[in-house]
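What follows is chain A paired twice: with chain B in the first complex and chain C in the second.
What follows is the complex of A and B.
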């Protein structure tokens, strides 16, 4: 298990930055960031992010733990890897953003703030783990109802027309969900991954 | 030489014969005055071609050789014939490569270039060096800091005797205080130990080096090869002769430290200068028994105009931050900067600092309170950030050059530029009487009726304090500065050469630099000193005309003692004797000819460069019949940058305006206004002066030449009005050596302007 995340005592207390350096994948290279902003400039959905990767990195240095872990930047990343490719200092920006998202999920920042992408990815992985495939209906339903029963019904009804249209066009099948063969092997793989994650 | 036997050698190679009708050209020029022979060859630069000229010279057939081939900037070693004056007429770069082949104007251009060459040859003699005895080959190094010590050691390595003069009682200067130094070798990472003690020991043990501590230079006179220096040491003055002087007086803390109070320096406990922090670093990050863990290092930003800060502050901040992390990896170091300038190889050091976990904040410090706590405007987070609970705040202060000695009293006001015996503010006299409407006074006098030396720039006065060397020069006791007190030198081409020949400068007195850089600088300056002594031994110029034997001759019989030459010489080469006549110190002279351009009676000349020579060259150009509507424009092009740019235009085959005629000049400073009025009187429709950039970031090889020419040309308007001519006929352009495209555009533009104004009414008279 990883060490507990330190709570910085003042601005630019480096304890959080050093924890990220040790515990987040790619974090060891984060020191090299020279704040050029090529990552933020390259990001195709930078408009959707509150801080963007460059500022996120500086906030980590500044010890702004709460702000970083509850930031929308972590969840709006589409993993296009443009920042990673373009970073002049070779910093795995995408990996670090994803790593910080994982920390935010684990520490309860994401559920507390009802981050949509957090629930969507949970639904996605639930399906992937269960069937070895994603089933549109189940993933969507699970995602919708993560926000509570009434919210779930409301969202489902809102999207009913689209769903019927997709069925009509043969884009969504009716019946039992598709699964992969040898599901037991998938289970073993997932179990092993979980075991590794526990070890840290 | 009484009889001019001019031989013309028309080269047909490199496309010259394709563009120019050589038969016609030969016929045109062969009958010019003084021409005895005219020969053609496919390539005079070949062994066979050279042999033709050599034979003529040997047989006494020709004593002046005009090689009409390529530019005089190339093949100088091939076209150099013993016993004859060699002059080059530029047919290749200027005509064959820039003009359309076979046209009438091309033919005229070529003929004019050869005629100008003939006129030049008629008025040139091979220079013989001035009589000169080098009295000493010893070097004097002033300043015992890292630059001075390195200079002394390097000079000793070349086999010279060196005297090292240090003001304090100890060698080593600032470098004694430093804990570790920036690396000077690949991979440019990892700080290196300060070996100043070893260097001091090496200097003290070296037999060739005489070290004088608690010593001061009180007086310096003479010239390279013979500097008479008075050194005050141990209560008595001793006079000694040196060949060259290296000034390495370094830097001091800015006189005015109050702007730094904004960062809490001197006001808040725990705020210290970078120099004091070096002491802390030496003690293993301990101050008064307390371990320092969180440290903010402030690099003052440019916009705040802290006195004398520079890029050195940035590099030292990075260095100190690395050192903190090396000492204590769990320390927290913040470098607060606006722009981080990691010059040169310091980029590697910056990465090392980042690697080690130093935090670089683009933050402007707004205020400092007790704690110490800094309130900053963090530009990367876009909000105000308080850095509280720092153990120490380090402020990178500036470096003020020691171009004056702060321990000595400042020279009397108004006299700070002068030596004891001459005052340039005394009114100009002509033949013992104060000048009235005289030519000289009108051209040279300012409102006060006197002439200020070229170095007397009221906007850039010397720093407070007495002169370093107390030069007994007519132009004043100081080594000229550029601005902010830094000693002037041609920034790009001649970084070590001050405006006093034989005196070279290195270290932080020249520009702010780190210890590592100062060492390199010292080596450069010392080698320049050694080179100067060697050249002066042969009566040759040092630089930029390295090896030149010519020197200005003063025809004192018609000299009016107007003293413009002594005042305008950018290098302080000309003194005045008791009678007030100019007295040249040939070894100080750089042969730019600025004195020649200054002289209102044109009595200063070189053997191979004189007012008369250029006047005849101007006259040699044939003025076409006014009805032909062919203007002629004279371009005086500086040999150092403008002429090479023109050559480059030729090499790139850019078409130059066909109505231009070019005369290369040593420096625009040597252009006398008489040439301009001569050209206009002879029927030229326009005159252009093409030289180097002037101003604070000047490129002029002779420092002031271009600026002086600019000023002179500002006064030409009146002359033109007297001639009933439009002032627009004279133009002044600053170009750089890389401007091969721009020069062509400038010439075309000027050509169009002149065509717009119309032909010179003097044409045909």
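What follows is the complex of A and C.
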């Protein structure tokens, strides 16, 4: 009698890994990862990350979409590119982490967790899109106050001394924000880019 | 002076606020080295290191495409910027537009919506430091540095995005290495100052994370200051506007948290050069814009 051939159950859902491979910049290189850990070992801010890049890539492969997209790793990367240039397999680690962060922001994983980076990025982009330039002063204020009024006031006061020093040195702009001349042109360009991104 | 090379210049948002002294000293020094600086017309923000989260990757590419398309109008082959993030984004977007057909088409469709001509990725984008290394050369800097900064000890802090991941250049080859870049010390020496050994020269200050949540990165900056102090540096020199601002503005918070007593000036190599070239300490070197004043360097400046 021959024993029945076992039917291994599929515990991994590969659809997420495939999706990342096709939709995240550099994602097509992720399958070259040999889990050596050079990236995580080189990271200056690894202490603030739950998983770090190496583990994140393994989790993507394992189909752990929820865990990956709600991971603190995506929000604490400083974009220092140390991992990127050191990876022995030539994987653009930083680009993949950034790409996953962009997906997480779009899919609504970030605000749930009250992620600083998400709010800061939103405040930053608001200025870039509205004025065509980053007004560091308005971005910081908008960011501070995205945590609520009292937290906003607290953070603003904490930073008042720094701000005054900058004003004195002529490095904090006072008055109306700097803007580009052709704001309507920039608006049309960004709107089109957003539309194309939605289409994929 | 022999004929000047014309470069298109992308000042970036920090040039109008926290990094004004970088912009002013760049505009002062580069023409002295034979580089004529012509601004990109009506330039906009590059999206920095977080635009992909706030706006998305393609809108960020579109921002950069608009700058490049405007840069094209200047008729110069070369574009440069002094800001690490501006460089990373402009250079990276330029490569994407040049090499990725789909992205190029999308970027151009966006430009068209704004009534702009298509851009094919044919400009060459450089970091200001790369321009000094490859187009000017250290000999020329040394020759122009008539007011040598003798006795000034400088810790050269390159930071991250100035060399990573794009130390490779648009003209082929790399302008320096990722792990042991020496261009910054070379500039220090060309100015007649002493480049001290500085182990953490390619360390990260925390970048935008330091701005949004300093608590997370104060220990990174503390190490940078500690090592500079150990090396006996009078000033730290860095090419990056965000590095400069972070390391200067958070010294007090670091002192408060760790019970330290740091008060180390952080300057740009362009400021060192302006003083070494005997130029005006305010108008050209913009030394009055450092919130921790570089007193020793100020004393060396020609009044």
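Just so we're on the same page, the second predicted complex is superposed on the first by the 188 of 200 C-alpha atoms of A that agree within 3 Å, B and C clash if a C-alpha of one lies under 4 Å from a C-alpha of the other, contacts with A are read in each partner's own complex, and residues count from 1 in each chain.
The rule we apply is simple: a contact is a pair of C-beta atoms (placed from the backbone, for glycine too) under 8 Å apart; a residue touches a chain by one contact, two chains touch by 3 or more.
This structure is a prediction, so every number in the text was calculated from the model and none was measured.
Look at chain A after the overlay: chain B and chain C fit there side by side.
Touched residues of chain A were counted for both chain B and chain C, and C has more of them. In the superposition on chain A, contact of A:61 is made with chain B only, not with chain C. In the superposed model, A:178 makes contact with chain C only, not with chain B. In the superposition on chain A, contact of A:106 is made with chain C only, not with chain B.
Once chain A of one complex is fitted onto chain A of the other, the partner contacts of A:32 are limited to chain B, with no touch recorded for chain C. Following the chain A superposition, chain B and chain C show a smallest Cα-Cα distance of 22 angstrom. If you check the complex, the residues on chain A that touch chain C are 25, 44-45, 48, 76-82, 84-86, 92, 94, 98-99, 101-102, 105-106, 110, 116-129, 132-137, 140, 143, 161-162, 165-166, 168-173, 178, 180-182, 185-186, 188-194, 196-197. For chain B in complex with chain A, the touching residues are 332, 334, 351, 354-357, 359-362, 378, 380-382, 385-389. Listed in rising order, the residues of chain C touching chain A in the complex are 13-14, 16-21, 42-45, 47-59, 61-63, 65-66, 106-107, 109-116, 160-161, 164-165, 178, 202-204, 206-213, 216-217, 220, 245, 249, 252, 288-291. Within the complex formed with chain B, the chain A residues making contact are 10-14, 17-18, 21, 31-35, 54-55, 58-59, 61-62, 64.
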